[in-house]
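Next come two complexes, and both contain chain A; in the first it sits with chain B, in the second with chain C.
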Partner chain A sequence: MVEPVFFAVATITVISAVAALEAREIVYGALALGVMFISVAGLFILLDASYLAMFQIGVYVGAVVVLILFTVILVKREELIAPEAETGGKLRSFIALTLALIVGSVATVIGTGAFKPVEVYPYSIADVGLNLLNNYGFGFIVLALVLASALIGALTLAKMERGES
Partner chain B sequence: MEPLSHYFVLSITLLGIGLYGLTTKRNAIRLLFSIEVILNGANLNFVAFGRYMNPPTVSGQVIAMFSIALAAAEAAIGLAIILVMFRLLGSVDVRRASRLKG
Partner chain C sequence: MAHPMPDIFNPPAMISWSIQFALETLFSDWFLKVLIFPGFLQIGIAVYLFIWVERKLMADIQMRVGPLYCGRYVGILQNLADFVKMLFKEPIIPEKSDKFFFQAAPLLAVLVAHAPFAVIPFSEYFVIANTDIGLLFVLAIMGMFPIVALVTGWASNSKFPFIGSLRALFQHVAYEIPLWLSALGVVMISGTLNLVQIVKAQSNAWFIFLQPIGFAVFLVAALAELERIPFDLPEAEPELVMGWMTEYSGINFGILMMSLYVNVYAISALITTLFLGGWLGPGFLPPVAWFLFKTTLVVMFFIVVRAVFPRLRMDFLLRIGWTGLLGLSILNIFATVALIQLRILPF
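The block that comes next holds the complex of A and B.
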């Protein structure tokens, strides 16, 4: 039994994911990627994770898509219009896709029948924050350091002159 | 409520789309798109399992949050590398970035 809301959001997710990879111009691909991020946020709301949905929209749509758009603008335009040459990896990718789907279906049939969810999710945003800081506090600090060093590294790379490499 | 298997099938589909992109595309920016698609599928799995556990848990959401933050860092680094690559090679075709090939 598929609920219509889930079906609609899932369809938008898959279609926009394919469009992001197959759009002729990469700007449209970036916009389709933004649509995919928003629809995944919709799925998070269906899973009662509304704070995570806001987080997803803020970080992905607000930061990552904008970053990608800036990069696309900075990279020369002719490069983007020229159709991409295929790598001849169609067979490999078909095998990878089929394997992923088979493994996924088998695991689904075997594994997920045992999950009987509770109807009302008992946790609120406050519980998410408490769990984050109580159980994953060290990881939180390490994540902050990783983010800081990643941004410093990205700035250093972007500032690098032609002769310095 | 929706059975867990539907979320699982959706996330495995996103994984498949991402793998397809990773193996067939040559544009470095498209490869980054594929990685983002795969990461979103993984996050969806974390959140779905956290919700469908009995008793339910919030750890799935917390781990998905970590994953989103790391994906943002990865995108910043990746796009900086793509900019440097474009400056050095005049192209974002990963096939042409073979200077370090042995």
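The block that comes next holds the complex of A and C.
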């Protein structure tokens, strides 16, 4: 029962990703990106990584897509989209996508022996938290500092702009 | 079967056990669960009653009568009359709007509103999906509300909906963090995100007594997420006509309004599960009845709040969300961690 579901979810992922990149109207692209994130969460669920899937929906769709939509809607159209100067852009992107798919499938077929399914043992949110803080504690602290500096930088930029105007 | 058969000399417990047994035999398949009991038919009936109760209760508080003529002096058929009226009205689609998203947005709103019912347990048996990530699923789905408001406002291609959807976006994003953090207190005490396990962890004491600050913060943040008065600004009638739903008429509007009420019902069910002990209660009523009773109490609280309070101004609203509620919820987390370390919680 997993196989047809996987093919359906993978097809939706690829189609919405292509739509996100190639959509003429940029809000369509942002919403297609949201659909892609949800289908990637579906792939995570198929791989038994349920916490990852829920955080994917909560963080990516719930925050990142919202921020992208917000930015896209508020910024004037001329500042975002360059005039459509080059012809043949669609053909080039189609060729690039096909090449990527061919290379990807060849690599998968060649390396089949290396991709063995990983043993998944039942874990709880407490295990996730303990693992994160014990084994990856240093990266956790570095990430927190990066986020804090990004926040302070954004606040400083906003204050500078308000001070100028 | 979750409950053993009680003593035969205990008539109320026996009756409630046999009702529960009959219901569980009837709904022994997930399909019926999705369709009927905690699924679509139940949500439809519940929202129908909810809208009627809201109109009558608000009318009582405001010293008027409410729906009176449809259905035998009580107005119970008023919702049906409104629904039929909306079916027959012309759904006007503005010419310059984005036609696909204008018509798809109400469906997206319905999807996002109904999704939490897949994991909320109405009793130990009546849960559609008993997953280990139930609470996280509901909170992640609630994180998709701003997209719905934004797409609806943008697709309408008009000033009132646009401003209303931006206000809705600010409001939702501001109150999402206190919502997550106050739910975190509950997760810390019960040790799991599984909603059935969270209810079972309240067998000794409901979390409303163990986490009063968390309950208060969750209630206020839920009011803001649901766009109910006093957090009504995206829908401010004297200012923005109908906020981000202005351009909708006919059945599109009906679907959007219904999805708002389904939202309120879903969040009330979530509050009942997290803080009020879910289906737990003395044995003379079946557990499902306890759950519905408690959810009705929370819904009535929301209705009373709507009738009594004025609307908050936007900057005040955002300031409370980002500073006051966030500070309170972080304080709640610290207090909970301290009490857990001192072995006072969990009971």
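By our rule, the second predicted complex is superposed on the first by the 105 of 165 C-alpha atoms of A that agree within 3 Å, B and C clash if a C-alpha of one lies under 4 Å from a C-alpha of the other, contacts with A are read in each partner's own complex, and residues count from 1 in each chain.
The definition used in the following text is that a contact is a pair of C-beta atoms (placed from the backbone, for glycine too) under 8 Å apart; a residue touches a chain by one contact, two chains touch by 3 or more.
None of the values given here were measured: they were computed from a predicted structure.
After overlaying the two complexes on the shared chain, residue contacts for A:108 are found with chain B alone; chain C is out of touch.
Chain A has more of its residues touched by B than by the other of chain B and chain C. In the superposed model, A:71 lies in contact with chain B only, and not with chain C. Once chain A of one complex is fitted onto chain A of the other, the partner contacts of A:54 are limited to chain C, with no touch recorded for chain B.
Contact with chain B, but none with chain C, is seen for A:135 once the two complexes are overlaid on the shared chain. Contacts of A:8 after superposition on the shared chain: neither chain B nor chain C is touched.
In the superposed model, A:100 makes contact with chain B only, not with chain C. Of the two partner chains placed by superposition, chain B and chain C are both touched by A:63.
Comparing which residues of chain A touch chain B with which touch chain C, the overlap comprises 51, 55, 63, 70, 74. Within the complex, the chain A residues that touch chain B are 1-3, 6, 10, 13-14, 17-18, 20-21, 26, 29-30, 33, 36-37, 40, 43-44, 46-49, 51-52, 55-56, 59-60, 63-64, 67-68, 70-72, 74-76, 79, 84-87, 89-90, 92-93, 96-97, 100-101, 103-105, 107-109, 112-113, 115-119, 121-123, 127-128, 131-132, 135-136, 139, 143, 146-147, 150-151, 153-155, 157-158, 160, 162, 165.
Chain A meets chain C in the complex at residues 27, 31, 34, 50-51, 53-55, 57-58, 61-63, 65-66, 69-70, 73-74, 124-126. For chain B in complex with chain A, the touching residues are 1-10, 12-27, 29-30, 32-34, 36-37, 40, 43-44, 47-56, 58-59, 61-62, 64-66, 68-77, 79-84, 86-88, 90-92, 95.
Against chain A, in their complex, chain C makes its touches with residues 98, 101, 131-133, 136-137, 139-141, 143-144, 146-147, 150-151, 154, 162, 166, 169, 173, 176, 187, 191-193.
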